Structure formats: structure tokens, C-alpha cells
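Right, I'll just put the structure down here and ask away after.
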Amino acid sequence: MDYLEKPRESCGIFGIYGHPEGSTLTYFGLYALQHRGQESAGIAVARDNDIIGHKGMGLVPDVFDMPHLEQLKGGSAIGHVRYSTTGSSILVNAQPFVVHHRKKSYAIAHNGNLVNAHILKEELEEAGSIFQTTMDSEIFLHYFVKSLQHGFEGALIETVSRLKGAFSFIMLTSRGEVIGIKDPHGFRPLCLGKLNGHYILASETCALDLVQAELIRELDPGEIVIISEDGIKSIKTEVDANRAFCIFEFIYFARPDSTIYGQNVYQTRKALGRHLAKEAPVHADLVMPFPDSGTYAALGFSQAAGLPFEMAMIRNHYVGRTFIQPTQSMRDFGVRVKLNPVKQLLKGKDIIIIEDSIIRGTTVKTRVKALRKLGVNRIHMRVSGPPHRFPCHYGIDFSTRGELIAAEKSQKELGDILGLDTLYYLSLEGLLEATGIEHPQNNFCKACFDGCYPVKFDKGLSKDCLESN
Amino acid sequence: MDYLEKPRESCGIFGIYGHPEGSTLTYFGLYALQHRGQESAGIAVARDNDIIGHKGMGLVPDVFDMPHLEQLKGGSAIGHVRYSTTGSSILVNAQPFVVHHRKKSYAIAHNGNLVNAHILKEELEEAGSIFQTTMDSEIFLHYFVKSLQHGFEGALIETVSRLKGAFSFIMLTSRGEVIGIKDPHGFRPLCLGKLNGHYILASETCALDLVQAELIRELDPGEIVIISEDGIKSIKTEVDANRAFCIFEFIYFARPDSTIYGQNVYQTRKALGRHLAKEAPVHADLVMPFPDSGTYAALGFSQAAGLPFEMAMIRNHYVGRTFIQPTQSMRDFGVRVKLNPVKQLLKGKDIIIIEDSIIRGTTVKTRVKALRKLGVNRIHMRVSGPPHRFPCHYGIDFSTRGELIAAEKSQKELGDILGLDTLYYLSLEGLLEATGIEHPQNNFCKACFDGCYPVKFDKGLSKDCLESN
Amino acid sequence: MDYLEKPRESCGIFGIYGHPEGSTLTYFGLYALQHRGQESAGIAVARDNDIIGHKGMGLVPDVFDMPHLEQLKGGSAIGHVRYSTTGSSILVNAQPFVVHHRKKSYAIAHNGNLVNAHILKEELEEAGSIFQTTMDSEIFLHYFVKSLQHGFEGALIETVSRLKGAFSFIMLTSRGEVIGIKDPHGFRPLCLGKLNGHYILASETCALDLVQAELIRELDPGEIVIISEDGIKSIKTEVDANRAFCIFEFIYFARPDSTIYGQNVYQTRKALGRHLAKEAPVHADLVMPFPDSGTYAALGFSQAAGLPFEMAMIRNHYVGRTFIQPTQSMRDFGVRVKLNPVKQLLKGKDIIIIEDSIIRGTTVKTRVKALRKLGVNRIHMRVSGPPHRFPCHYGIDFSTRGELIAAEKSQKELGDILGLDTLYYLSLEGLLEATGIEHPQNNFCKACFDGCYPVKFDKGLSKDCLESN
Amino acid sequence: MDYLEKPRESCGIFGIYGHPEGSTLTYFGLYALQHRGQESAGIAVARDNDIIGHKGMGLVPDVFDMPHLEQLKGGSAIGHVRYSTTGSSILVNAQPFVVHHRKKSYAIAHNGNLVNAHILKEELEEAGSIFQTTMDSEIFLHYFVKSLQHGFEGALIETVSRLKGAFSFIMLTSRGEVIGIKDPHGFRPLCLGKLNGHYILASETCALDLVQAELIRELDPGEIVIISEDGIKSIKTEVDANRAFCIFEFIYFARPDSTIYGQNVYQTRKALGRHLAKEAPVHADLVMPFPDSGTYAALGFSQAAGLPFEMAMIRNHYVGRTFIQPTQSMRDFGVRVKLNPVKQLLKGKDIIIIEDSIIRGTTVKTRVKALRKLGVNRIHMRVSGPPHRFPCHYGIDFSTRGELIAAEKSQKELGDILGLDTLYYLSLEGLLEATGIEHPQNNFCKACFDGCYPVKFDKGLSKDCLESN
């Protein structure tokens, strides 16, 4: 099925301080971040010196209805949408995660992945801690509570110092404080906004746009932001000289209308397409994406190459996620139900398809075959990033290396397997340059392309990557 | 709300003869036709000399699950998706409509609207008929059964001769026969396909594509097609010299990957855009649609004008149909939740927006305002059809004339109201020419543009239109 | 399963005239009549010169929630609960049945069974009528509408004259009139009540009790009662000299707190037990029912025989209707899950079990076996009615004769089959006498016991019964 | 509403060792224990060296369907039904409670209430523990894990030694062991059974009956039973000289077909009625319960007094738990919808009503009023236990003392308030004697009657009780 074809983002997080409609605004914030996780959704609210919440499996509007939000009326609120990476796909792993300690309550929402989670957990269990979930958030709170002798801020700083890996956290306390935390490399996006004087934290700016808040700035790597009745306070923890923004946010994850790492995603994707057109030019009758993943790079490619852009595969807008199993006479149904090619446009033509990534290759192969059957002449594919050759340990659900079709193959071999006339990927240099960020070599995590992992991790996980450099 | 902004199609219909997986194929056929009606869905199947069925309110995958389809196993099947035009929005008006008569059963699915329904109903009621629904389908079956003394085919011909208006019917009998009927003017599309020897009838070819059937041909105006164990038989009833294909199917209703009236819809829409670029040229930095309605015309306009095409408003792919009411602090939420403009792309630019139609104008107005707020410089709008000035009496849920914002206004006035720098509509001549059909004047119903209604109707309904010529 | 063991009543009906909370009161009326039908429920309300309604499969509180009742606000309302007898178990056969004719609407709710339904239907179909359901109610309305040339009352009288069999109807018109109709033999109960000046019709008085209405009287056989703004009008149609109250209402169907045919059901059932104790005395340690069917007769038996009454099988109050299939290691689960015997009370004892009827005998057999296993000594069974030997054609879902275990067997043979020490049934004479009604021979239908059917019916159905006398 | 009128039991628990259909048998075990808790249900199963589970709000058949049980296939399983006492009514507090620690998992199900929970929690929190729920079970597992340095058995013994109050636990480990624990006073019932060689633990014997297991014995106070592949091992911890069986299990909670503390509940309740008849005789026309609470005591009273027993208030068997709000014209609806009195039986009569307890008295008052309205002559009430004057701190959800209507009133005053002619309670001596247990003074907790709490508890809670002796 198609959903196995694309890397899955772990999570989207949102928080707002002290707004009378906090839970409703969080609902809409999560709504805008739904592309970052469709498996579960949750909202927690500070009220009456306690934290109450609701979470469930499914999309935001499926999990919450009006009565839920009524029950969650309060001031400060945080929310979470999730696609499982660590932690299996069950309700107990839905977030925000809430605990109680000495008459106070804490809720936490997490985007990322700790590479030392198993070590931390072992250490905690030796000291007698018990775990109810398999989430990194639970580890965070165990450490946080054990560090409270250093005071609230001290506990936050102490806890962050113990965590290794990619993490953007939003925390809520029963007193209504909202805290934002970004790991020292800044892997995952997290930004600060404001709505009529109420501070907001969100994974992407598109969530600010929907609730009509203004963007103040993105959090710095290693920054802890505490929002309370005293206003906003920023604590800078020790950071790494090299930042490690996840470059795949630009290529695929983030919504095109968001701004991350200071750049608009839509325009960056167009730049990827333009670079691709320069690196691997080819003549054809039209340039087209497989909607919607390659659309913006395809626009950039088309404009740079001076070739017509066409939406030559039509998306069924009513495709839901649950399907009746198709009949035996309906081969390749999973592919066709989402996208139907426009025969009259494609027959006898030479075409260039722009993709943003090829993970396992199965869907691409089936679609190319379907296009051949329609009578398309030459089929070229251009991919708006380098080949995925290494798994991600920082929160993205890539397949293991064995399932990455590009891991051990040349572009030529891969093109043959996929049934393409030509196949070219954007070079890593081209990718970095196209982001428009200065000194991109020192700013991005691109481990899935080159195996250079910015944060070392346990040997148990490292087999695939050492060879890479 | 946005859904009031666009004209709503009445229905999509599908039928298949004698296939062991008839109900499942019908399910997928309806799935592909979901854009023609999202209010209710139903499937009826001939089995054991009876007809059984299931229908419900909602989208196809919401109404049917695997157990339903298991229960509906059988040979011939027909299905229906509906947006109510006549008949209020309740389950009793969902189709297919099933009746029993003298140990036989009949099911019927309808797309269109009879203009003499009230006269026929009165006549039937005087003769003692009772009605359980407000659907035209019920009238059809009353006449059909009363005409059975003329034999099965005779009854069909007799019944069709009594009906006035737009109608494409698919009927199923308890013996498993599947019958397709198109009105003498051919208002609504209906095509014939084949899958491994099993005939299929469907509103649009995209339904054939999904089940991998081949298109044989579209039904002719006034044609009755009877599919039975004797194969296929075509009966041609008296037809009008002038055909009256609904031209709005090309502009808006049909899926772009469908072929109707012999033309591919995608290419036709691009042609509308090209004509529009010629009729009303203007210089700008970019051409953009409000997704997804104007996308294809925008591509045509962009290519003809040599201006860059951009998807500058980003669609939230997870927008469902039920929402929590937004908070009071979130003005214009209904507009923003679906589409978010990309600021960086639009600020300070001159833009051309391509729309396919403006019905009430409310959404356009709000969106233009939002774009102004972002700092867009000049905003031009081009509409890929003439102004809607008259209501439709043939199955499209246009507002009454009073609600059609273009009914009494000039393009200039309208542009001012909508906050546009310039506004131009495609001319009726341009529209007809762009369809690529020969003698378009004699082939299309374009009453919603010019008030020339191809089939006369009762005075009670006609106030708006006589003035038109 | 147990539910196949007991005869199933067809329906319960309720109607109220012109009460501002009509739909809510009907909801509660149906609630009190739920024992008469658990398969589907429906309410129809007259409003704005139309009739609107809601119905669904399941129990009253499952079918209706507060929003439904809000939508059904209006004045006059009627309702229906149903266990299917004629008409298969699908939503289309749920009632009230609503039709439209010449700008008027009619809704009807029915309890009973027409024996000439197929003849009437044939006649109507020859005249061109089509049917959407298999319900008698649809036939009624076809005739009623065709008879409207005789005026409203004339049409009612004319229609009733055509129907043969058992029928209690409540009808609602779009003008808000509520009409009650009882067949000329008075098979099924229907009573008239009043709540603060608003007339009510209901199958049983327990529905009046729940809404705190007072009982005025039961309808007479052949009576038509029209409730309108002119008050109440009673029309007496021709009746049969012999009444035919369904005697099984006393034995099993009606709720013990109801009054039907002028007698309280609880007290009548106790009288059955007393007669049984006289007709078939036996000594034992205790008298017990299988809850809840034989409870009241067991009380009567116990008091007359001077033997202790015990509730020696405990009912699980949380038994719902849907179950997980038990494991293979759990034999006889269907029996035990509802009733668990109290070992300490039963071991080594001689017991008398009072039943109200034995249809197929399967459950009785299993329960007796379970009691034997516990170490009960002698097991006597006494049944508070005669053996069921003939199917019912007037609305009760008895098995066909082949499935009636008593059809061809002596009491001795039957006792042996069921594993009992002794088995005696109440005699028909004893039953009639115990009802306390004068001239019971001329007042009751007792066809299920003696095969004397008060209303003749079509040969196709009559094989079983002619032999009976 | 009525549900506030009766004390609510906290929980029912069930566990089975190593049975291939463990989850299904647990489902049925919970089904039989549903009367002990209707708010939530859960099952946890040991599989693949882990524990998986499912829980939800509602009745057992609402929470579990076939697919759930399929997913829970495994060997050992435990389950829980709950009515909240401590811990508020939300899903996070549903049990079994599952935690993970050092690659092992533990699940626990609890019936009872710890009186030192807040002290233990404070102690744990000081040591850095965090809590996700408000359940005693979570405290148990924190201590258990912290004590594992003493070995598995040592940890169990150590943990039990820290807990004060009433507790019956069933624990499951990821290795499939099932452990039963009863507190040193034996407050709550817990019995051991066997099904084809597989040991079972259950709150009451009725759960054994349903799955057709045999009762081996009840656990002793202070006993820990460990069931593993090595068979069964019993550990006796230190116990109090005085046992403290909850006497209210006999009066109200336990199912009448269960055996607890060595006595059959049905027969014990009859004995209460017999003692009551001797202690407070009165002449009347009939003896009746308010179903179903006083039924068995009423049978005993009736037989001892030689007065007829009648079920004079009829229960609606279809009463569910969710209701439409009745109309304003329907006073006292909450009372009438469950029970309808049989007028003909009651009018002009002198009656004795047997109740098992009166908590707030509201329902009794309303019902007595309704009986007066029907014309009942004299109304006597006899209660089969002493007056409830003190709250329970061991797991029963009694109201606080202020809500116990009998707390400060004489029987005479109370009878007047309730509108009764006479009111008598069974004496504490009579109650103890009727249980048939030797030395009952040293075996029962009867604190709700006399305020003598067998286990001391924190001052914060003790205001009400010290005065009692």
C-alpha cells in the first residue's frame, strides 16, 4: 500500500498559554499540523491546579467533538498529533502524556526520538521506576521529577542535559505554565508565536496562520522557553557547534506554506526543482508530479526547463483511509484509487515525472507500469533530493536499510528496476545549495543521505551507518 | 460556508450486469463518482428473483463496510450517490429506489430533474397512487408499472415519453436486467462500458477507469439500453433535433480525467483557460487557481499567456466535513481552514486568479480580502465561463436567481464588490468554441448563462427566465 | 438460543393527540411497550401540514436520542415498536409507515396480521400499485387513498371492510388527527387514555401508566376512533358476533401490570397458577419459575398449593442481546448466561417448575438437564396454558407446526423427552375459566391450542388447522 | 436518580492461568461479575513475554467485541470491572493497570480501598515516583518493583506488609504467572477455582459457575496465592486475630447465587428476612420487595410470617442506563420508568415492603408516595440490615455521613419522613446471627452500622466514626 511508500513524520505539537479558548485553539493548531501525524491526537489543559485531557486514535476531528472541547475549557493547553515511530500504535502511547507528582501535574508532547532512551530507561528502572508506555516522553518526566530538588528551571536544564537525540518538547504544568524545549542540534522545528498577547508554540508556522497568530521566531537549538504569568523567559543550554536541522522537512515533511529554519518551504521546494533541471536536464512534452508530493519541485523544474507543467494524474479527493478490499479482478487497485492518469494528455508523449523521494519503490513501479500501458512514450524521473540510503534515528519512520531501494543500487540500476527511461536524483550539494541557508554543511542533518549521524548512538542500532564515511 | 458557494451536482449512477462481484464493483464505481454527490449512497442487487439493497447518509466508505457488501453478493447491481436537489435531505430519499409489483422487483437510480414531476404526480395521485418520497424515481416507477400492459419494453418507452426534463436513469429488475435511459436532449452524461464481457453503465468514464473497464460509447440522447442474458439491446425513442448537453459538466462538475460528450474534460478546461487568456489578457507575476476548482483552466491560461503558474494557496488535505465551531477570535475560519496562502510567494506581487464560476461570491470576497491583507499588489480574476445569471431546472442545485451575484450586475460592478482590480468572464461564444464540439449552439444546454431553457416547464417555476431572450 | 424458544409478539403501538411534547411522550410510551417488539422502533409527528419521522433498528433508547426528539417536536405523534412477523427484518419494514398523497401525508402503525394481505396486494398490483415494503400497513394506505372519494371517514370504513384478520392500527394525518382502529374480532389490545385533556391510544395500559395518563376504556372490536380538534368521534363498523381476544396475551405477551380485555394481567396469571394447582396437584419442596416467564403463575400455584415459592434460578441483569461466541469448553452457555441455579437451595429437593408455554422445548430440556446435574431429586413441570399445537395467523411469530414440540405428542411423551418426572398443562377449560371473563368460549381466539381459527384464511396457509376439530 | 440511592461496589476481578481461551473465559467471568461494577471493564493477557490488554468505559459487552478478544488470545489472563470509588470516573483509571520494568511487565486488578494510600504515595513521590492515575493499583506496583531486590515472592510479601485497608488483588506477570492476594482482614471476597486443570481466581463463585469451573476454596485473609508452571503455591502473611469480612456483601452486593465466606448468599438473605419477621412482626395482606434488592429477604419474611409474597411492582426489563430527559409533565419519571405498581393488587391493601438498605431515602420516599396515590392502605417497611450510619472506608461508595439519612435519626423519625406507617430495621445482633457464621462478632466488618472500623486510618477521614463506641 501507498502509505508504506512514504517516510512518516513522527509528530506535530502545539501549545498556547493562558487563552480562555485554549483547547479550541489547540484543536485548530493540531488540525493545521495533521500532516505530521494521523494516528492519534490529544489535548491536555491546565485547570483548577490539575491537568485534564482527552486523546484518541484517529484524525483530530474524529478524536474531538464539541462536548470534548467544552469539557476541556481552561487556560493553557497543549496538543499532539502522532504517527508512531518508537512506541507501538496503541492508545496508551498517544500524547500528551500526563503524570501527577506531589499535588502537581505535568503534561508533555514530544516530536523526535531519543537515541539514548534505552540507556536512560535502564538507569531509571534500576532505581525502581516503572513504565506504562514506550514513549520518550515518559522518560523525560521521570528525570524531570527526580531533578526537582534543583528547582523547576534546574530540573528542566538537568533533564535536557541527559537526553541525546532529536527532541522538540512542549510541556504544560498544572499551574498553567507552558514550556518549549528544542534539542541542542535543533533537529525538529519548533516556533514561537503570539495571538493577542498569548504566546503559542507550534511545530510549524502553518498552525500559527490558521489561528491567525503572528510568528515571533523559531526556537534556537538547545533553547528552553518558559511561558508563565511572569511573561516569557529563555534559557540557553549548551549547544553543539554544528546544527542539525532535518533537511527532509524541506523536501517532504513540512507543509509548503510553512516557514522553517528561516525559509519558506514552497519556495525552497521550487528551488530544488530548478537545481534539478540544471543538474539533469532532459527534453520532454511535459513535466508532472505524482500529486501531491512532487508538485512544488515540479513547478520549479518546469519553469527552469521551460517545459509545460501538467497535473496529469487526477487525485480522488474523497479517498479516505479505510477501504473495502477490492475484488480479485481489480489489480493495482491501491494505486489507481488515489490517482487516475488522464489518457488523452499522456498518450504518445515524452514525460518527466518529479518525485521528492523513493523509499521502497513499489508504488513508483506500479504507476510507471500503468503509464506505459496507456501508451506514454518516454518516461523520465527526477527526484528532488539525493537517494535515501540510511535509516533515520531521529524520529522519522524510514524503513530499515534493507527496505531502502536506493541503499545499494546505482541510479542506472534503479531506473531499470522502476521501468524508467532515465532516473536522476538531485545531488547532495545541489540540495544544500538550494536551501538558501548559509554554510549548509554545518546546519543540516542529512544522515539519511550520507550516513553521517550528528548524534552518536548505541551500537545496537549503528550497524548500517559506520560504513558511510 | 464554502459548500454553499459552488453549484452542487445532483447524482452519480453506476450499474453492472451479471458480475459475480457486482456489488463490490458498484461500490468502487460509486467511489469514483463521489464528486457528483456526497450526501447519501446506496447499492441494490438482484438476487433470488428479488432485489435487496443498502443505503445510508454519508460518503460511500461510510455507508458501506465489508459485511454490507458480503450481504449484497449477487450478480447485477446498481448504485447511486446523491446530493439532494429535489427531495429533501433525508434517508427516505436516498437511492436506488426499490419497489415490488406482482412478484417482481425494480430498483432505479436517477441523475437529473423532471420539470413536469408535479403534473405527473398529480395525475397519479388522482388515480389513487400514494408516494413515500419526493423523488422523480418514484414517479418513473409508478408510470412504468402502470404501463406494463404494453410489455416490458413498451412500458419503458411509454414511461420515457411522459417524462420531461433532464434524466439519466439506471434501472435493475429482479431478473437481473440492467437498463440505461437517457433523456431525449441528453442533458446528463451516461456511458456504456465493458469489463471482461460484463456491461457497465456509469455517469462518467472515471468510474470505468477505476474498475478497469473499457469505454464502449456514451448513450445517445433518447436512447434506452437493455442489458439482459440476451446481450444488449438499444431502443431509440424520439429525440429533439437540438441536443442539450449540460455545458457546466465541462466547466465544473465532471472529473477532469473523465471523457464526456466525446471530449476529455481536463483538456477542455485547459482550452477554456487558453480562450480566456486571449479574450481578457493582463500582465501579472503569476497565474493561480483557488484549488481545486480553477486549476486546469489556470494551467491553460498560464501556458497561453506565458506567465508562471503557481499553487499559491495550500490546501489542507485532512479537511473533513464536520467541524468544531471556531472560536470568536477566529474570523473567516471557514475560508482559511481549507486554503492557506503562501505569503512569501504573494507579497507585493500582481496576480491573476482563475475561477470556474462565481455563484454567491461570498468566499471569493473573503479570500481576496485575505490576499490584500498579505500585501498582494494587483489582483485580477478571470472566470472560465460566462456569468451565472439563471437558475438550473435540470438537476443542478443553483441558488435561485436572487442568490446569483452575477444575475443583475455588470462585470465591472461585480469586480468592485469582490474587491478585484479587474474581473473578466469567458464569453459564451468563447466557451462554446473551446469545447471543440461541432455546432455547439445546437448541442448544449447553457440556460444558466443565457436563460434559454431547452425544455419548457411549468409557469410556477418560470418567472426568472422568460426575460432572457 | 433462548429467543427462539418463546413466541414473539409482533408490535406495540402508541399515539397521542396534540400534545406539545408529543414525540417525547411517544418515546416513553414505546419504552413501556418495548416487551412487544425489540427489533425496530419509530416515531412520526405531524408538523407544518406534513409528517416527519425517524425510525431505526434496535431498542427505543438506541434508536432515539435527544437531538432526534428535538427534531420531532410537534403536536400529534404516533410510534411503533416491532418484532417482525410478516415483513423481513430490515429497516424498510420499520414503522410508522409514511406516505404522501395530494399534499396530505399519512402515517400508520400496525399490530396484527392480515390473512388476506396477498389477495389485496394482488388486486392492488393489477390496478397498477407498486409496493416498497412487505407490510400490511402499506396495503391499508393504498386502499385508504383509493377510497378517499367517499370522504375521510368513508375511506376508513371502506378500507376496514376490506381487511380480514387481526389488526390494531394507529394512524396519523398531516393535519394532526390521530385515528385508532380495531378489527371486528378484537384480536389485539388497543386502549384509549387521556393526559391533561390530550387523548392517547396505546397497545397496553402500562404505557398510559408510564406517562401518567388515565385509562378511559379499551376500544371495542370493529371500532374506529377519530381524534381531532373536534374532540373524539367513535364509529362502529360491523362486527362479528363472536369476539376473538388473543388469549395468549394473558398467558405471556402483555406486561403483568397492564389491564387488557378488562382484566389485570398479573392477577389473571396468578389465577392460571391456582387452577393449575387444582388440576394437577403434586407435592414438592418448592415451587419456582424459570424467570421471568412463569413467575406470576408460580406465585398463584404456590399460594394455592401451600408450597414455598423460590426464585431458585438467578437472572443476570446485565445480559444484553449481543454476545461473543462462547468458547468450545463452555457448553450450554446460552442457557447459563441468563440464569444460574442456586445449588444450595435445590440439591436433593423435589421441585415444581412453572412455565407459561413450551414452543420448541430446547431450552427447557437443557435447563432440566442442568438441574439434574446439580442433584435435584424430582422435577415436576406445570404449564400455565394448554399445549401449543397450531401456528398463529394473527400476528404471533409461532414456529410452523413442525416446530411446535407439543403438536403431535402426548403430555407423557413430552415429559419424557424433556427429562421431567411429571408434566401437566392447564386445560383449555381451566384457562378460559381462569380469565374471569363471562362466556369465554365466545370471546377468545385460542386457535394456537385448538386449531379453530376465528377468521378463515387462504388455502395456502390452512393445511395445519382443518384437522383440528 | 435511583443509582445514587444504592451503595456502589467498587470492583469485580477475575483471573485464569494458562488457558488457551484465557481472554474469552475472562470475558465471561467479568460478565458474571458485572453487578460489582458497570463503569469500565478491562482484560490483560500475557503473551510473548509481554502483557497486552484492552479496556474501556461501559459494560463488558460494550467494551469488548470479537475482534478485541481475538487480539487478546493468549494463555493467562486477568480482568476487571469497576465502579469508581477512589479514582475519578475516566478511562485512565480503568483496570487492569499495566506497567513495564526491566523487560518484564505486570498487570494488576484491584477490589478494595487502601486507607494509607495518600501516605504511601507521598513517600513514593518524595523518592521521585510519578503517578499517572489515582488508583491504589499504581501504588502497589511502585512498591512491588522497588522491593524486587528481595526476589519475586519477597517483593509481594514486602508490598503487602506496607498496605493498610481492604484489598483483593489479582496480578499477572509477562511470564504468565497469576497471583491472588487478600488483605489480612479479608474484607473483600476472592475465591480459587479450577477448570480442567486451569486455576481461576474470582471475586465471587457465580463467575466460576458461568465458566463451569469448580470452586476449590476461598482465599484466607492475608493469603498470597502464586499460580505458575510449578503449580500453585500459598504464602500466609501475618494476619489480624479478627477477621473483617464485609457484611454488606451478604445484604446487598454479592449475587444471590454466589457463595461467600462459606455461606450461600440467597439463603443468608432469606435468613435475614426470617429474623426480621421475628424481630418486627406486623400483619398485612401481602409482603413485597422493591425489585430486585429486597426480593430474597422478602421471601424469607413471607415464609416466616405466613403472609403471601407478591411481586407487586413490575420491572421494565428493557431499562437501559441512558435516557432522554423526561418531559416536564412527567414527574417522578426516574422512579416509574423502572418499576410500575400493579394497581389491582395493591388498592386498599395493607402491605409490608422489604428493603435491604436505605441510603439517602429519596427513592423510597417517592415510591411510597406513589403507592399511597394508588390507594394502598397501610404501608409497613422492614429493612434487612441495621441503619447505615457511617461511611465505608474500605471500598464501598457510600455517601458521606451527611448523606446517610439514618445517620442521626431514630427509626420512628425516619419512618415519618419516608411516609411509612411503620419502619423497622433488623438489629445488628439479628444480622450477625442470621449469617450463620460462628463468632460473627470477630469475623465481620460492620463499621457502616456501628462505626467500629477494623483498620485505623488517617485523621483527615476519621471525624465521623470515633463517636460511635
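Read from first to last, the chains carry the letters A, B, C and D; within each, the first residue is number 1.
The definition used in the following text is that a contact is a pair of C-beta atoms (placed from the backbone, for glycine too) under 8 Å apart; a residue touches a chain by one contact, two chains touch by 3 or more.
Since we're looking at a predicted model, the values are computed, not measured.
Contact with chain B and chain C alike is made by no chain in this entry. Chain centres here are Cα means. That of chain A falls 38 Å from that of chain B. Inter-chain spacing, taken between the CA centroids of chain A and chain C, is 62 Å. Separating the centre of chain A from that of chain D, both taken as means of CA atoms, is a distance of 49 Å. The set of chain D residues that touch two or more partner chains is empty.
Listed by chain label, the pairs that touch are A-B, A-D, B-C, C-D. Across the complex, chain A is touched by residues 21, 24-25, 27-28, 31-32, 34-35, 38, 59-62, 64-66, 69, 195-196, 206, 209-212, 255-257, 259, 264, 266-267, 292, 295-296, 299, 303, 308-312, 314, 316-318, 320, 322-331, 333, 336-337, 340-345 of chain B. The touching residues of chain A, when paired with chain D in their complex, are 92, 98-102, 106, 122, 125-132, 134, 141-142, 145-146.
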